Every structure is written in C-alpha cells, then in structure tokens.
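Okay, so subunit A shows up in both of these, paired with subunit B first and subunit C after.
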Partner chain A sequence: MTSGLAHYLDVATRFQAERADAPVWLKRLREEALRQFERQGLPTPRDEEWKYTSVAPVEARPFSLPRELVGSADVAAEVARLSSAGPRLVFVDGRLDSSLSVLGGLPRGMTLKPLRDALRDDEAVLAEVLGQRARAEAHPFVALNAALLEDGVFLRLGRGVRGEAPVQVLFLSRAGGEAVLSSPRVVVVAEEGSEATLVETYAGAGASFTNTVTEVTLGDNASLNHVKLQVEGDAALHLGVLHSRLGRDSRFASHAFNLGAALARNEVHAAFAGEGGDCTLNGLFVGQGTQHLDHRTDLDHAVPRCTSRELYKGVLDGRAHGAFHGRVRVRENAQRTDARQTSRNLLLSETAQVDARPQLEIFADDVKCAHGAAVGRLDENALFYLRSRGIDRAQAEQLLTHAFASELVRAVPEGNVRARVEAMLALKLPGAPRLEVTA
Partner chain B sequence: MSTDTLQELTRKGYSAGFVTDVEADTLPPGLDEDVIRQLSRKKGEPSFLLEWRLKSYRHWLTMKEPRWQAVRYAPIDYQAIRYYSAPKQKPKKGSLDEVDPEILRTYEKLGIPLHEQKLLQNVAVDAVFDSVSVATTFRDKLYKAGVIFCSFSEAVREHPELVERYLGSVVPYSDNFFAALNSAVFSDGSFCYVPKGVRCPMELSTYFRINAADTGQFERTLLVADEGATVSYLEGCTAPMRDTNQLHAAVVELVALDGANIKYSTVQNWYPGDAEGRGGIFNFVTKRGIAHRDAKISWTQVETGSAITWKYPSVILKGDNAVGEFYSVALTNHRQQADTGTKMVHIGKNTRSTIVSKGISAGHGQNTYRGLVKVLKSAQDARNYTQCDSLLLGDKCGAHTLPYIEVKNASSQVEHEASTSKIGEDQLFYCRQRGISQEDAVSMIVNGFCRQVFKELPMEFAVEAQKLLGVSLEGSVG
Partner chain C sequence: MALLSVRNLHARVGDKDILKGIDLEVGPGEVHAIMGPNGSGKSTLAGVLAGREAYTVTQGEVSFDGQDLLSLPAEKRALAGVFLGFQYPVEIPGVGNLHFLRTALNAQRRSRGLEELDAMDFLQLAREKAKLVQLDTAFMNRSVNEGFSGGEKKRNEIFQMAVLQPRLALLDETDSGLDIDALRIVAGGVNALRSKERGMVVITHYQRLLDYIVPDRVHVMAAGRIVRSGGRELALELEEKGYGWLGLEQAKAPKEARS
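And then the complex of A and B:
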C-alpha cells in the first residue's frame, strides 16, 4: 500500500485509466491536471501559502474514491434538516443521490444538473470556464480535484433570470465504511443581469476527505449570493477552493461558515474583470477541541472602480487553531478601488491559538484601502456590565460570544438559509438559543 | 503640478554623493578563509574571534541567499567584493589631530563636525569611514560616567570579556545569510556598554560613510545596557554616488538587561541610485534587541536612502513587563525598493509592543511593510498595537502591507490597522488657496503624515529627517 503523494497519484492514474473512453477534451483536462498535481506535490508548512496548516492528515490515511451508491434512505432526515424548499442536488459519500434531489420547478432559463451530465452535454459552455477560474497549475489540490473530475454540479443562469428560491447543494458523508475522498466540482455560469442564491452544505459523520472546487463566472450586472456551510464530522478533512470572476457591475457575496471537520481549509478567490464590480467576502469560523480551521482569501482588483468588503471572524476554544490569510491586490491602473479587509479573532481558552495575515499589495495611487486585524478575548467591561445586571459569568460569556459571531449570520441574505446557519451555530455555541428565549 | 516645476525640482539631488580622495589600505576582492585570517591578523584579534569568524564563514557557505522578499535585484557576486578597506592613517590615539584632514573635511561637509569644541549639541560621535572607525568624540567625558563607547576593534582589544560574552548573543552567526556573512567578515563598528544604573550623559552616535568603490561595508554594532541603565543612540549613513551597487550588510545587537532602557534611532541616507535605478546601496541589515525584565527597547528609523532597504529591527521581549517599540518612516522614490518592518516576539508576561510604520512611495518606488507579532504561550496579558499607513505619490509606485500575527495566548490583545491613500485633492486645494505653493503643501502634508514617527527622534535628528524627506521627494510629487 502506498501513502502520501504516491497514493494519490496511483488513485488518480487508475481513475483516468478506467475512463479511457471519455471525450478527448475531458481526458486531456484530467491528464494535464494530474501532471500539475505531480509537479507541485503535497504542500508543507514551508510553503508560504501553507505556513499555518499541515496537510499531514491527508497523507496519513489511504483515502479511496467513492463507490456506487446503494440505499441512502437513512440520510433522508438529515437532508430535510439541512435544506428547505427549492431546487437541490444531494450527494452522499461523493455520489449523486437522485432520489433525494429536487430538480423540478426551475425558473425558465435556469439550468441545474449534475456535472456528470453537463460533461456529456455542455462541452461548449464548460470548455470556456472549467479549469479557467480555478487553475490546476496554481494549486495542488485544485489539480487533484481536476484530475478526478466527474461529480459535481452545473448551474447556469440565462440572461436576466432570477432564481427566487435558493439553489441548494448538499454533500453528506456517512459514518462507518471506507474513508472516502470526494472531489466535487461546482460550476456556476451567471449570464448578464441574472440573480441567484447558491447554498453549498457539507455535512455528515464520516471520516471523509472532501476536496471541493467551485468556479463562479458572473456576466455583466449579474449577482450571486454564495453561502457555504461546512459542518462536517469531528474526523473529517475538508479542503475547499472557490474562484469567482466578476463581470462589469456584477455583485458577488460569499458567506463562508467553517464550523466542522478536524482539519478544514477554505479558500475564496475573487477577481474583478470589469469595472463597477462589488464583492463581499464574509467568513465565520468556530473551532473547539483540536480543530484546525484555516482561511485563505484573495481579492484581485485588476480593473478600476471596484469595491470590496471583507470580514472574517474567528471564535476559538479548547486547543483549536485558527488561521486567516487574506490578500487584497490592487493592480496598476486599478484606480478608484475601494477595499476594506477586517479579521477579528476571539480566543476563549488559554490553549487556543490564531494566526492572522492580512495583506495589502497596492500598485495604484487613487485608491482607498484599509485593513485591520485583531486578536483578543472577551471585553472585561462588557462582562462586568452584564454581571452587574444579574447575568452570571458563564451566561454573559455566551451572550457576548454569540453577539460577536451573529454579525455574520445576520449578513446572510435569505431567511431560511439564515435560520439554518443560526441553528448550526447554536450547536457549536450552546447557550445562544436559551438566551434568545430570555431576550 | 506643471512639468516646469517638476524639472526644477528634479535637478536637486543627493547632496552627500561626493567621493573623498584618501589613500586606502585594502584587501583584494574575494572571500575565502585566508582573507578572513588576514583580516583578523590586520586587526590583531584574539583567537576566539577568529574562530568565531571561521565558524560563521563555514556556516555561511552552507546557506542559500533568501528569495522570499518583495525586492528584486541582480545576483550579487560575493567574490567581486573587497571585504576590507581602511583609510591609511596612524594608529588611533584618541586625538583628532591625527585623523586624516581629508576625512575630517568629509564629515564636516556632511554636517558632522568631529571637533569637539565646535560641537554645539551634546552628542558623542563614533565616525566609521568605510570599514573602520576613524574617530570617537567625547570619550573622556563618557569614561568618567563609566560608559564605554568606542570602535568595535578597540572593544575587542580593551574589553574582550564583554565582547566575548555578548557578541552573537542576540543575532547568532547562523541567524540568516547576511548575518552569517557579516559575522565572518565584519571589519569594525561601534561598541557601547552602559554600566548598572547609569544614565548615559549624552546622546551617542555613529556616523557611517562608505567611500571606496567595490567594497562591502560590514559593520557590527553591539550595545549593552546593564541593569537600570539608560542610553539613546543615533546612527546616520551616507555614501558617494556610483553607478554600481554596493552591499552593506550590517548587524546591530542590543542587550537591555533588567530595567534598562535603549533608544536606537537611525537616519539612513545611503546613496539611492539615480532616477533610472542605476547604482545605489543594497542595505541588507539585521537588527535585533533583547529586552529583559522591565526593560525597554525602542527603534526609530527614517529610511530615505539605499537602492534596496531590507531590514526588520526586532525586539525579543524576554522578561516580564518588557516594552518594545518600532517607529518607522520608509520612503521609496524613483526605482528604490524597501521591504522593511519589525518583529515583536512576546515571551514574558505583561509585555507590550507598539508598531507605527509610515510608508511613502513615489516614482516607481516599491514599499513593503512586513512585520511579525508573535505572542508565545508564556506571554500572559501581552499587548500589541500596530499601525501601518501608506501614502502613494504617483500612479507607478506600490505600497504593500504584509503583517503576520501569531497568537498562542488568549489573554493577549493584538491589534493591527493599516490604510493606504494618496494626498487628498481637497487637502492640497485648501493649502493652495491660502497661498502655499504646491511643493510646500505636499511637503507639509507628508511631514504631517510622518509626525508620529518624527516626534520619537531626538531633536537634531528630527530636523535632519524632515529636510531629508523634502530632498528625497523632490521631483516626485505632482
């Protein structure tokens, strides 16, 4: 049995050999990605990009590819808990579960289908975007995902289409059985003037390794709200990379909630391709026990007159380790850029730790750019105030922690989704629901 | 601003760029163990120092030049550098009459009178010309107070026990590529020891001057403040204008024992190269201080010169209640590059650090703040405040802020704030409509931007720094 890099190369080589009859363009894409993965290898903390995160757990176990799905009735309740009315695609242990998915009732002009079908039918659209936003040569895990490209989601919004209900994508892993490596790819193409909300949820109790990549392409004046809720089990490994490209006057908002998994790293990259774009990157992570939660964001102000707002907050308890590395680049000629980046971190225990790296790289002069980072504990004065009002210390701490975190929950635009995020957060930060009752 | 005013302004340039004609005693270019032995012999060093140099050299050979920095330069040929150049003169006896009058004139031209009787301000100066210290003023007065202030070579001869004890204790020879090189070949520098409980009666100052061509300047400063001592130290630097790059790889070590207080100020004005980026000094310096219990180390730097400035004056806050400060103004004009900042390592309880960094970019200048604030588990109730502001003058320059914040203690509080902006049209308009010329308005606004740092400088230096900023910026605003 092989381990580490060799294991993944072996798995991917066999995967590709079994799909020798795939269309030429797809074969080429997978093979090139495999070469890129081999060239880059697995990162180590000596790589500046991975300074605060060791991917040793990825090497420690021989994760295998998903098998064909048999019987998934046991997760129906979980699916109900994690989704609301509206279109949805459900994947269990890395495989599409059509019986739990809802694809009907889509607005005219909206396409939502499993990526496997799109790879067969929509080559023309996919060739322009697939692997173009998230590039295999720039990231080893994007390369691994592309080398194993098969399952995932394809969402296309035609000109001016407005999706009323949020589009939901669920990835569930079940406890027991083999340790599965799933490599979903979510591809979103929003044409001119279209609008939608997409929710990606990763949950389950399995000791899985999820290596997911999302590629978003926004046309002129298009708008996408993207919510990612990661509540995987204590033993799970989760690596996620999202890349978005914003057309002229388009709006992209990412709301990333990183609550679960033993090791999770979430990357959000946004690149402005047309003037007047507006980008919001919000993130909340809550770590307990020995969780390691890493966040990497990259905002590329490549053109003038774009606005970005970024707020990442972390709450760390137990021996949890949080990391935030955000970069804002303002290229030459990207005048009139307005960018603001904030990282705030709350340490609740003596043994929790956090690393923050907010970065500004500015090559234009007519810009407004600011960033801030803070690490601290709960404000003693605020605690004193609450206690002087008869609230005990434990409850006061919960109240303040919840208040710190809820700023990001409140920013989620869709009511049902917001309520779900709130409920998930309440599981991690107990005491909050009780306080809501008293409030 | 009109092109006429711009041209008018660009004519004025680097005023310290002249060459002094003195006979020099140099070693041929190149570096091997023999060169180090020769150098050590020339200086009559004790064996421990030669051994240390050789150990450093052997370690340096195993190291690779770092590449992570945000500065770009052509590869340095370490065999083309002369590692020793000293103006020929009689052995130093403490009397200025024996210093080559050419050298004295050089310092006078630079506005640093070495003749004590002419000194108005209360500053003792150690003047380093190329690789060696040529004069140290006010030695007697300092000696009466118990303060040892002399060139590094003298310290090696007269106080070897102090040198052996503290040399490399803050920046070990294996620390980094340039520190290892310096440890192997350093030729001179300043040494200062302030004994227990003594408040140094005057400001101490070292003035560095690179004169000879093709030399590298590798000086080493070691400053020890014993328990409860207080000292303020200034450092200034200039070099002639040449169209080849010269390497300056210095090491500064500060030791602040319990309750000591060290204030270290730098006004760095090495030759920055011309408008097209030809020539100039590569200023690759390692500066670090260690602060023991209740001690305080404060770095203030005004970096206007050098083709490339690459340094991170740092403080290791080892003892409880230690305080570290870093105030910096870095200016890059034309093709200058700067990657500078600080490291604050909190180890002791109740340690506090403050970082205020002001970056100004003009022309094609690239200015990077890179800083680390590290709070270890032992640093209960540590506190850090960081503020980094950048001012952009022109649309071809860049300003980058790359802080690293690593916190392993929940009781600590760490804050970082940064902003980037240009001079507001409304600010300029306001000044202009009150009859202030464009240049004066810009210089006023820039000086206001740097005020927080300038007010940390000793008075004489603050005035010099303000003037320097004005000169360095000329021709770039508009």
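And then the complex of A and C:
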C-alpha cells in the first residue's frame, strides 16, 4: 500500500479509470483537477497557507473511497438527533442514503438533489459554477475533491424563492470497517431575491477523512444563511473549504462550528461581486485533548460599498492547538467598504495553544476597517464574583467558558438549528443553562 | 459568641502591606459600619474576608461561626454564609442573571442538605425578592450586570443577598454612585434583611448611608488599621469634622484604586 501523495494519486487515477464513460466535460474536469493536485502536492508547513496546520495525519494512513451502501438503519437515531423538520439529504460513509433523506415538500422553484443526479442532468447550470468558485489550481484539497467529484448536493433557489424550513445536509461516518475518504461537493445557486438556510452537519464515530468543498453563488439581493456543524469523532480528519460569491445587495452569513475531529481545518472564502453586499462570517472551535483545529477565512472586498462582519472564537483546553488566520482584502476601487474582523481565543490550560493571525490588506482610502485579535484566560474577577456566591471554581469556569462560546450560538438565526448547535456544544462544554424559565 | 472575629489581621498585595493589624468582632444581629478615607483598606478587608485571592494574609486569624475562615476558598465561605456586596459588581456577558443566581442558591442548598429549587420555584422566589429593591424583572433575564447602571448594579447586589440569605453580609460601598431615591431603596432592602441571626458590615465613605441604615457600632479605618471605634455618634462626628479631625496623617492616604 502506498502512502502520502502517491496513495492519493493512485486512488484518484483508479477512480477516474472506473468512470471512463462519464460525460466528456466531467471527465475533463476530474482529470484536470488531478493534474492540479499532483502539481501542488500535499502542503507542508513551509507553505505560508499551512504554517500552523500540519496535514501529516492525512499522509500517514491510507484511506479508501466510499463503497456501495448496504443498509444504514443503524444511523436512523443519529439522523433524527441531528436534524429537524424540512428537506434533508443524508450521506453515510460518503454515499447517499435515500431512505433517510427527505426531498418532498420543497417550495416551488427550489431544486434539491444529489449532485450525482445533477452531474447527469444539469450540465448547463453546473458549468457556470462548478469549480468556478473553488478553483482546483488554487488549493490542493479542492483539487483532490474535484478529482474525486461524484457525490454531494445541488441546491438551486429560483428567483424570489424563499425556503421556509432549513435545508439540511448530513454526512455521517460509521465506526469500524475501512477508513473512508469522502469528497462531498455542495453546490448552491441562489438566484435573484431568493432566500434560504442551509445546514451542513458532519458527524459520526468513524476514523474517516472528509475533504469537503462548498460553492455558493448568490444572485442580486439573494440571501443565504449557512451553518456548518462539524462534530466528527476523535479519530476523524476533516478539511472543508467554502467559497461564496456575493451578487449586488446580497447577504451571506456563515456560521462555522468545529467541535469534533482530531484534525479539522475549515476555510471560508467570500468575494463581493456586486455593490451593497453584506457578509457575516462567524466561527467557533472548541478543542480538547490533542485536537488540532484551524479556521481560515478570506474576504475579498473587490467592489465598493460592501459590509463584512467577522467574529471567530476559539476555546482550547488540554493540549489542543488552534489556529485562526483571517485575511481581509480591500481592493483599490472598493471605496466605502465597512469591514470588521474579531478573533478572540480562550486558553483553559497551560498546554493549550493558539495562533491568531489577522491580516488586513487595504488598498482603498475611503474605508472603515477594524480588526482585533486576542488570546486570553478566564477573567479572575468574574470567577471570583461567581465563587463569592457559592459556585465552585470548576462550575464557575464552565459557566464563563460556555458564556464565551455561546455568543456564536446565539447568532445562529434559525431556532431548531440553534438548539441543535447548542446541544452539541453542551456535550463539549457543560455549564450550559438547562432550559431556563424567564421572568 | 461572636459571629465574626478578626484578630490582628495583616494582608498585602504583592509586596505592599495594606492591612496592618485589624481587630473586629461582629455578633449576630449586629450592624457594624466601617468608614474611612479612600485607600484606607476597607475594600481590602472585605475582599480578604470573602476570599479574594489577590491578597496574601501575612498574620492574624479570622473565625466565622467557630470556623477558621481563612482556610476556606471563596466558594466555601459563601456556603458557610458569607456574602460580599461588591463595590464594583462584575459584568458577565453571556451568563444570565437568573441562571447564575439559581446555580448559586442551589449550590448553597445542596451544601445544607436541602433540595434544589427547580426553575419555576426559583422564579417565584426571585420575583418576590426583587420587589424588596424594586428591581424590574427584566433585569433578571439579562446577563449578569451587563449594561446595568451603577444604581441597578447595587440593587442587584442586594437582590442577590435577599435570595441567598447569608449569615454575614459585607456590603462594600453599596451607597456609592446612588442618587437619594436609589439610596433609600437600597437601604430599605438592607434594613428588611436585618435580623437577629444575621451580622452586617456596612462599608461606606459617607455618613449619609448611616442615616438610613443605623449601625450598632462605627469603626474608622485609616492606613490599614481601625483607628477609632464607637457608637453611632462617631459617624456624626466624622461628618461634621471630616477625617482630618482624627489627626491622622495617614488619612491623606493614596487615592482609592479600583479593587
């Protein structure tokens, strides 16, 4: 068995050979992506982009591709726990489980289908967006994902369509069996004036490697709330890249929660393509044990008069390592940009670490930009206040830690989704108020 | 037997001596006032008694209800019945006032072998106690002290005291920053909590508060010592003549630092 780059090249080459009868455009896309992957290779800490995060675990063990799904009734309870009413697509060990998916009752004008079907039927729409936001030549793992392109989700919102219930996509990995590399691709096209919430949840106990890419294209005045909840198992590896392109007066909000996995890196890239856009990027990671969690953001203010708000927080305990690198570019013509980036990190142990790197590149002069990065410990004054009322130190620490993290949970706009994120957070950070009656 | 007995207490921050031999006895049912210029060590004394870890006790002892208070961490002192009303109540964003107080009350109830209160029973209790200081229930749903005005913070302190029913209340400048109406409300709350089992130490810079909360004993602190003790009339005398009358050079001690 090969390892490292050779292993992935080998796996992808065989994958493509087995799909020699795919449509020409798709074959080309996969083959070109594989070339781009080979050209870039796996990143090393010498790569500026990967300075704080080593992908050694990705190289260390071999992964196999998803296999045909035979029965997954065992995850039904997990699916119920991780979803609420509304449309959903469920993937188990990288493959669609249609029996657990719900595709009925979509609002008129909304298309939600497995990417596999869209690759067959929707070439015309996909050609404009697939691989256009997240470009294989710019990122080795985007390239690897494209080289293995097959499963995932296609969501299209027609003009003015409003999704009432959130659209939910679940990726579950099961323990036991082979370590699976899954490469989901989520493609969202929101046409003019449409509005929806999309939740991507990654969970399960498997020692999997998930390399996921999401591409969002927002038309003029469209609005998308995107929530990503990553609660994979202790042995999992997770790399995620999201790219979003915002049309004129559109709104995009990303809420990224990275709570699970041994190694997780989540990238969110947003580019303004029309004036008046509004972008919120929120993120939280909570690391314990020896977890390594990395948040990377990139905001491109390419046009005038757009607003961005970015709040990323990290909580690190044990020997966990966190990294935040957020870049905001304000291009020369992007006058009247209003951009704010905040990174706040809480270290709960002497051995936890965090690297926080804000990066502002401002080339326009008539702009409002602010950024701040902080790494700290719990406030002794607040701890003493709680303890002086009889709350012991451990519980006081839990209360304050939870309060720090929950700011991001409270920012999630949809009630059911918010409650689910809260429940997942509570598993990692006790000290959450149980349902509190209000006065 | 005294509820609180402080003997020859010395404490420092870093290498700076602040308390330089405090003796104080507070019996059940008694209200003691501690007055003194800014920087004389009043908040330090309250903080040392409540278990603030920034201070190091270098000499002396404190017994509370027969226990060695100084050997207990802050939370154990609270469970034993000590309550500190903060001069500067801390804002804690993200922690709900009600959740915080119920957590505290239930910790205290557990330590006394009582059943915990559920959210509904607690809410009823909280509503009733909030009336004592005319605290709007809207404040109970907000984060602890977040965005409260100075007066609201002080009322919240007395509200917490009313819920927790401590044996000994140390009220540190509960009057500072209050207008006369708020002062009346807060003092009314404190008076309602006077009882023959409960001791109180009321720290204030001004005698004005003592028109409303009438103390049994008055002590004057200067430069880390109690320099004079007496009855109520001592406060009036201070009001009339100022701290200078005590002839204390120390009375012009350094300006108050936030503590």
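Here is the rule we use: the second predicted complex is superposed on the first by the 432 of 439 C-alpha atoms of A that agree within 3 Å, B and C clash if a C-alpha of one lies under 4 Å from a C-alpha of the other, contacts with A are read in each partner's own complex, and residues count from 1 in each chain.
Here, a contact is a pair of C-beta atoms (placed from the backbone, for glycine too) under 8 Å apart; a residue touches a chain by one contact, two chains touch by 3 or more.
It should be emphasised that the depicted structure is a prediction, and the values quoted were computed from it without experimental measurement.
By the touch criterion defined above, A:S388 lies against subunit C but remains apart from subunit B after alignment on the C-alpha atoms of chain A. In the superposed pair of complexes, A:L400 makes contact with subunit C only, with no contact to subunit B. Of the two partner chains placed by the overlay, neither subunit B nor subunit C lies in contact with A:T13. Contacts of A:S84 after superposition on the shared chain: neither subunit B nor subunit C is touched. In the superposition on chain A, contact is made by A:H371 with subunit B only, not with subunit C.
Here subunit A touches subunit B in the complex through residues 48, 332-333, 335, 345, 347-377, going by the rule given at the top. Of all the residues in subunit B, the ones that touch subunit A in their complex are 68, 375, 377, 390, 392-422.
Within the complex formed with subunit C, the residues of subunit A that make contact are 379-382, 384-393, 395-396, 399-400, 402-404, 406-407, 433-439. Listed in rising order, the residues of subunit C touching subunit A in the complex are 50-54, 73-75, 77-79, 83-84, 86, 89-90, 92-96, 98-101, 103-105, 107-108, 111, 119-120, 123, 126-127, 130, 137-138, 140-141, 143-144, 160, 164.
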